[in-house]
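In the two complexes below, chain A is the common chain; its partner is chain B in one and chain C in the other.
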Partner chain A sequence: MTIDPRSPFGLLLTAICIIAFAYLILPILVVVVAPLGDTGYLAFPPKGFTLRWYAAALDDTRYLSGFLTSLQIGGAVALLSTIIGVLAAYGLSRYDFPGRSLIEALFLSPLILPTLVLAVSLSLFFTRTGLLTGTGRLVLAHIIVCTPYVIRVTLPVLRRFDRTLEEAAQNLGASPIQSFFLILLPVIKTGIIAGCVMAFITSFDEVVLALFLASPGEPTLPVIIYSAVQLGFEPTVAAVSGLLVILTCVFMVLYQILGVARQD
Partner chain B sequence: MTATGDLARQKGRSGPSPAVVPVLIFAPCLIVYLVLFVWPQLSLLTTSAFDKGQLSGVHYVRFLGDEYYWELLGRTLLLGVCVTLITLVLGVPVAYVLARMQSRMAALLLILTTFPLLVSAVVRSFGWMVLFFRDGIVSNTLQALGLVDHPLQLMYTLTGVIIALAQVLLPLMVLTLHGVFKSIDPDLEFAAMSLGASPPLALCLVTLRLARSGIVAGSLLVFSLAISAFATPGLVGGARANVMATAIYEQTIEMLDWPFASTLATVLLVFVLALSLLYGAALDRRAKSESVA
Partner chain C sequence: MEIELRNLAKSFGATKVVNDLSFSLEKGEMIALLGPSGCGKTTTLRMMAGFIGPTSGAILVRGQDVTRLPPHKRDSGLVFQNYALFPHMTVTENIAFGLNRRGIPREEQKARIAGMVEKLKLKGLEQRYPKQLSGGQQQRVAVARALVINPAILLLDEPFSNLDAKLRESTGIELRRIQRELGLTSIFVTHDQTEAMAIADKIAVMNGGVIEQLGSASEIYETPATRFVAEFIGKANFLTGSVVDRSASGVRIDLSSAGALVVPESKVGRDARHVEVMIRPENVVLTADPALQSLQGVVDVISYQGATAHAIIRLPSGLTLTAECKGREAGWMSPGGKVFASLQPESVTVFRH
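Entry: the complex of A and B
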């Protein structure tokens, strides 16, 4: 630290940091804590203590089926966009051809496109072409949003990969396919997993495309929460959101622990 | 097997490879992008520019001629400016402190910064709604501090949307700036201070100057995400604090007015594309200034 934390300026910086983190965490804390209140309406800080709303959230099959729908869509999107994205990143890292940077720009461009604009254009597209129905539309839409993340995460890893390792393996008699699976894949594995996890979380949390494209019979969990919140402040909805936050927390801790274990 | 084996074997060599293999590798991604990205985007543009089968600017004239939509655009840009300012005021100090921290605490705080990004924007906006409620803690605290003399209604106001959206986007600002500050050698600050500059002055003259294009890039990123965000304005703002994003949703889902929805979406897209060109230029400048240094 170049600045003495006890100087007035240091204290000011510390104060701003405390405010910023409180600001970041407060609304998330609210959805976890507020449904614990015993008042029957949502209040923060909560009064009394009950697990009634959390129990009700777990009991409601609507939320559970929404959760499962989101899980399925997220899984399908993560798998497909990882395959497409890693293939594309592999091609971009390996081949040099005229227009390569153009292709790379095209593959990454959904990152700058507002999801909302994509949602309008895809609704228009699916309505006019009649292509697919129901959940398939949302999966395809999420693939467009998630593939760029996979490419962006894996491309630097692939570019850093030392190709002489693969050549050495092939000189020692490995077939290119063997060297791909035995040498390249293990080295870039961390990047692929990171891309895959990012794709899953993006798809699981995404609400704009889901609002436009999800089939009315099978809404995803964020869509259910969005619609329920618009109608009113039910403590059960907060409890569902709270459960999501807790689940994300557990997931993140596990990912960190496993990530640290891998690095060791 | 031998045929594919031969193809694959040549792929690993640095010499000229048959064009078939790269084509096969790129094909899935290219097809998906052309069908689901390029085509829909083009048809969005044509939908906005045609009327009854003829090229026409009628939808754009409707947008430009109606004061309501000018107000809408103005409110959206105001939202973007305010959100960017809040994330800057909080994000610059936080990113700086995190970048200069040596302990494990820094890693922990960085994880804490990333965590909100993993929670759906819907859930985070919901949290703000509970806080903003008429008798919510925000209103009560402001009253207790004597800053307002009546219950403050933040729900369904632009102010509420600004506060909530700045929280949603703050992590992105901090993460962008963290990388920028991390790349600036703290010895430069020490040098400035040993030459007599006070710490705040040293930071302004050295660190912030060097981080300038990174700060511009982070701001443009947050701004373009703020003007196109939907979930937070939709929930916290509702119909009473309408912005471009919520208007586009209305036109598409409720009015089913595809041409006009496309027009609004195109206007938004133009703003975002212009900003991302500036963003690219800012990053370029940053790369150049680094290579000079």
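Entry: the complex of A and C
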């Protein structure tokens, strides 16, 4: 179905689209642009122009170390929850065993469980048992939250996977393990990468679990931003957020360029 | 003996999918497992490849029992119905896959791949990915990938069913030529009798998990062992009757209101009473006047097809008989006209009813 963009309905549709995108994108733009203002407080539209706040954000070692901590945790979480999630999805897609749908539901349940509940119960659990200390606690907590995302993304891909491909590999002399690594994984690669990226992002900007479980000496970036905002909304905090937005954009553009290059 | 299947059987739960299947192949022979869907032909092929373990029986390749070997330790090349080419690999990488698993050195790999590319007319396509190939090209890559490993058996699972009719015939002939050239022992699964008859040395007609008849194409067509075979291969007319007299001159079969027929004794089982007489349409001779052993009927429909014409004759009993004659010899018949259909005793087959 095509709609004539000049018809009344088409115009309305265009207007709604513009408003919806503005609603989604403008706040992000504000965060990037506002710290450019040459005032001691945040104002939009910015008055004057300075890179002072951005410089201050880059200078402040707290933010940098928080960024690195978040990066480390996010990386570890993405890697581990991808491995766990892909293996779980593989089992769920391949084998029919009693309680399969129950286990599938259980794996996906943290998606509906409030993070706060999980945060409280996990901090109680870790305090009582003394199991794990420092960042390990947060990594474990994030894995619980992120693995379901990986399962969600990879399960449909695995269900669509043509199993005769693995049979063909085995017929040609590949052991089941070789056919898993040489055929199955490369074919479902995009699904795995998508799950991995989702896991990373979820971990990277997660606040609630981090507030409860991050080791006090090494707070994550969201925790640092959160506490900074509580103390007073100075332009440096907005600049940090602005930097994250810019970094994300750079990655998106790079991904598109590389992705397009690979398809040719 | 190159390949031997001994009393192979497979049950899924209470269902016997393959039941007491035995046959053997000499080196370079090609057998077609032919039958309707659910006859057990694909299960048999999958047992040969090792994807399904038989419930009982044994598979021997060059005298070695491979029944319990996992798929990757068997020496069989399988061409899948959907080709199952690896989508993330180029044509060359697909063909090289089996060689890599066998640890063949680079130089030899190159030579063998080049040979296959040559043989299967894949020149210029080496660096393409499967989705950039036509169906026929994909099929040839699948064949090349299976052949390059020099398997002891070549297994083909409905390899032509995804090709259009024109390509199917030429591909079949081409495959047969390569198979002969390499002296490959092959098992070929199909539901298409034309394909089976055109390509295979031997045909095993399967039904309900058992082989109904095993023989050359002409054997199963000319002398079908069972009613199922007669019906499945080619077109057939069936007339029910009963044996009324046995004498030195032959066995007399009464076809109730359609008339009677005398057939050689060798064609009728010793104690058969109720029988079914089968005759192929091209063996029904139509004449305007009564002839020896002829049944009287009325022309129902004539369909002219150029080289041949098919006439459907209605017999007094209400049964119909299909006859095939040369197209240019059908002019004298007209729908509703009286006609005599004579059945040559040597061209009928009699089944116990």
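Basically, the second predicted complex is superposed on the first by the 238 of 264 C-alpha atoms of A that agree within 3 Å, B and C clash if a C-alpha of one lies under 4 Å from a C-alpha of the other, contacts with A are read in each partner's own complex, and residues count from 1 in each chain.
Definition applied: contacts are C-beta pairs under 8 Å (C-beta built on N, C-alpha and C of every residue); 3 or more make two chains touch, one makes a residue touch a chain.
This one's a predicted model, so the numbers in the text were calculated from it and none came from an experiment.
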Q.
Residues of chain A touched by chain B versus by chain C: which partner has the larger set?
A. B
Q: Give one of first, second, both or neither to describe whether A:Val30 is in contact with chain B, with chain C, with both, or with none.
A: first
Q: Determine, under the contact definition given at the top, whether A:Leu209 touches first (chain B), second (chain C), both, or neither.
A: neither
Q. Of the partners chain B and chain C, which touch A:Gln170 in the superposed model: first, second, both, neither?
A. both
(Q) Which partner chains sit in contact with A:Ile188 here, chain B, chain C, both or neither? Use first/second/both/neither. (A) neither
Q: Would you sort A:Asp162 into first (chain B), second (chain C), both or neither based on which partner it touches?
A: second
Q: Kindly classify A:Leu122 by the partners it touches after superposition: chain B alone (first), chain C alone (second), both, or neither?
A: first
Q. Between chain B (first) and chain C (second), which, if any, makes contact with A:Ile225: first, second, both or neither?
A. first
Q: Return the residues of chain A at which the contacts from chain B and from chain C coincide.
A: 167, 170, 175-176, 179
**Q.** Residues on chain B engaged by chain A in the complex (per definition of touch)
**A.** 5, 8-9, 11-12, 17, 22, 25-26, 28-30, 32-33, 36-41, 43-44, 47, 89-91, 93-94, 96-97, 100-102, 109, 111-113, 115-116, 118-131, 133, 135-137, 164, 167, 170-171, 174, 186, 189-190, 193, 198-200, 202-203, 224-225, 228, 230-231, 234-235, 238, 245, 248-249, 252-253, 258, 261-262, 265-266, 268-269, 272-273, 276, 279
Q. Where on chain A does chain C make contact in their complex?
A. 162, 164-165, 167-176, 178-179, 182-183, 186-187, 189
**Q.** Residue ranges of chain A in contact with chain B within the complex
**A.** 1-4, 7, 9-10, 13-14, 16-17, 19-21, 23-31, 34, 42-45, 83-85, 87-88, 90-91, 94-95, 97, 103, 106-107, 109-110, 112-125, 128, 140-141, 143-144, 147, 166-167, 170, 175-177, 179, 201, 204-208, 211-212, 222, 225-226, 229-230, 233, 237-238, 241, 244-245, 248-249, 251-252, 256
Q: Provide the residue numbers of chain C that touch chain A in the complex, in ascending order.
A: 49-51, 70-72, 74, 76-78, 80, 82, 84-88, 97-98, 101-102, 145-146, 149
